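A quick write-up on the structure given underneath.
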Amino acid sequence: MKDLQFAIVLCAAGFAARGQDLNGIWQALNTAAWDLQDHTGQLGVPPGQGVVEGNEIPYMPWAAAKKKENFASRKTADPAEANCYLPGVPRATYMPYPFEIVQTPKLVAMRYEFAHATRNIPMDGSPHPDGLPGAWMGDSRGRWDGKTLVVDVSNFNDQTWFDGAGNFHSDMLHVVERYTPIDSSHITYEATIEDPKVFTKPWKISMPLYRIVDPKATLLEYECVFYLQEEKFKAAPFRK
Amino acid sequence: MFKFLAALSIAAVVSGQARTPDGQPDIQGMYTRNGVVGLEAKPPTNPIDPSGNNPLSVSNRGDGLGPYPGIFGQGGSVLRTAGRQQRRTGIVDPADKNLPWRPEEDAKRRDFLLHMNPPVDLRHVELNARCTLPGLFQGEDGNNPYQFLQRAGSVVILYDYNHTSRIIHLDGRPHLGKDIRLFMGDSIGRWEGNTLIVDTTNFNDRTSYSREIPYLSDSLHTTERFTIADANTIDYEVTIDDPKLFTAPWKTAGYFTRVPKGVESLEFACAEGSQTLLNIFGKPPEAR
Amino acid sequence: MHAKLCIIVAAAVLLLAAMPAAAHHAFAAEFDSDKPVKVKGSVTKVEWVNPHAWIYVDVKGDDGKVVNWHFELGPPNALFRLGWKKDAIPEGTQVEITGYRAKSGENVGNGRSITLPDGRELFSGGSGPGEGASKQQ
């Protein structure tokens, strides 16, 4: 009887580890990186159906004005596209570059090809730490809800945008992501976004993620910072 | 089925080596890295070397102060489980540390160093100062741990430093085509007993080994050996084969030790907070 | 604060012989060791960023005008593991900072020592080894 119980435990443990395997390389196939909402095409910007539920982002009035300012100055002000800074969450998920989920029982890590960004997602029930400065990619803590990977992200700084259209947040940003496998090659990705300094209520984005099925595929390097430095400092030094 | 699983776990206990579900020796965990980079036998004086060896160093001003308050160099103490072990570190082959430079490349390297302070152009800025991916050798080991993860088919190493990560493919795939060049190279590995052997190619020409060897070439080909020495230690040795610069391969060594429980990874955003190129060169002109 | 100071200094003494080799970057390419600076003022902000934290200080010149300087510190992540929190140095803290000016000539320097009005080091470690005490292998 003891043998049977032990066998069941061993078997269950194995199943839990294998039950939802999100390991692999994934990519979004949409235009959310340019603009989260419905938008017409422009030179250099593909047209897109938005990923925001209800297509409205519930800005406070001051924030709606700030978003317009951001949009107008996006060619120089976009922290990711113009300055090569870390893209933040959830933008890292839908930048037009692949990312890799590295899943182990106690830790899920994400590796992003854009700017070699990474995220560590402890799965051990630990709390967000206290007193750290805000992070570009936030602090992530994960758990399983059935087959769904749920990630709670907070402790952000206020420096990133959600897209190239100037949608932004404060350091009170709180994101809850849900990665739900539909089949072995598709995940439904949802992110609920709340920020009491900027939005009147939480809002949500949702999109499919597609597995890169080529077995030879591997993340390469998009070293945006290096390329930008080579351009900006080509003629250095600048002081007399 | 149960008897088989029991036998496997007994075998694991007897051998002392824990294994991952897919049978790899389990190397997972968070470690500090020690050693790895060392001085060659006749190193050039490096104009930007801040160590006590260099008369130009700001640390030799006689006031007992370094470039920054001392606590910034001491904080890494919380990453260390015990006093530093005595293991092989630095250049270990050739034993006399006389690196087999091609004479003209050694001369070029020594001349390059002389133009690094002040850097005459962007190319002569130390790579560490640019927040680039660190290649295999750099990584600010004093303060920044390394995390090893394993899944079927790969080992992934996550560095705190500059949020770097490497994947080592274990599925026997070929290397990438020669026109893809990477700071971290392309790594293909295999286990031999308790040693992970990693073959890396496809480097770009921006790997820095040390302050005295500020660049290796794009003909760099490395073979790393990560050997599980005991439950808390990985011995590490790298064969550096760079035929454009050296007439023969040479080896450098170090080791990894587990960090205390409770140490977590911290974000190390680099370019976002860096003012280094501005402080060196001044502001680039706005107009293009 | 004082107890923490003792523990950290003691730990530093233990580790002195075994310190890792020089860290991040070309200090000497960025700062001019022939241009020492010393300023007194009040902290306006601390940016706990990598690769180097920054401390910003409002400094009143002889002409009465207030100029903001900023000084480069070391990489902060290890401090957080030691228990430092992001609000450890409040705005308005009076400090005296010595260092060397940036080669760009701006009101920027490296922060070699930062002392409070009572003479205590703001960052404990006293005349700690900084980067100079370690020997490369």
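Order of writing sets the chain letters: A, B and C. Residues in each chain are counted from 1.
Just so we're on the same page, contacts are C-beta pairs under 8 Å (C-beta built on N, C-alpha and C of every residue); 3 or more make two chains touch, one makes a residue touch a chain.
None of the values given here were measured: they were computed from a predicted structure.
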Quiz item: Among line, ring, star, complete and other, which one matches the pattern of chain touches?
Solution: complete
Quiz item: So which one's got more C-beta contacts, B-C or A-B?
Solution: B-C
Practice problem: Compute the distance, rounded to whole Å, between the mean C-alpha positions of chain A and chain C. | Solution: 34
Quiz item: Any idea how many Å lie between the Cα centroids of chain A and chain B?
Solution: 28
Quiz item: Going by the touch rule set out above, which residues of chain C reach two or more other chains?
Solution: 49, 76, 80, 103-105
Quiz item: Which residues does chain A have that touch at least 2 chains other than itself?
Solution: 132, 239
Quiz prompt | Multi-partner residues of chain B (at least 2 other chains) | solution = 118-119, 131, 162, 266-267, 269-270, 272, 280-283
Quiz item: Of all residues in chain B, which touch chain A in the complex?
Solution: 1-2, 5, 21, 28, 118-122, 130-133, 147, 149-151, 156, 158, 162-165, 167, 169, 171, 173, 176, 180, 182-184, 186, 206, 264-267, 269-272, 277, 280-285
Quiz prompt | Complex contacts: residues of chain C adjacent to chain A | solution = 48-49, 76, 80, 84-87, 103-105
Practice problem: Note which residues of chain C are touching chain B in the complex, please. | Solution: 8, 11-12, 14-15, 18-31, 33, 47, 49-52, 54, 72-82, 98, 100, 102-106, 108, 110-114, 121-137
Quiz prompt | Contact footprint of chain C on chain A as seen in their complex | solution = 130-133, 239
Practice problem: Mind listing the chain B positions that touch chain C in their complex? | Solution: 34-35, 37-39, 47-53, 56-61, 63-80, 83-84, 89-90, 116-119, 125-126, 128-129, 131, 140-144, 160, 162, 211, 263, 266-270, 272-276, 278-283
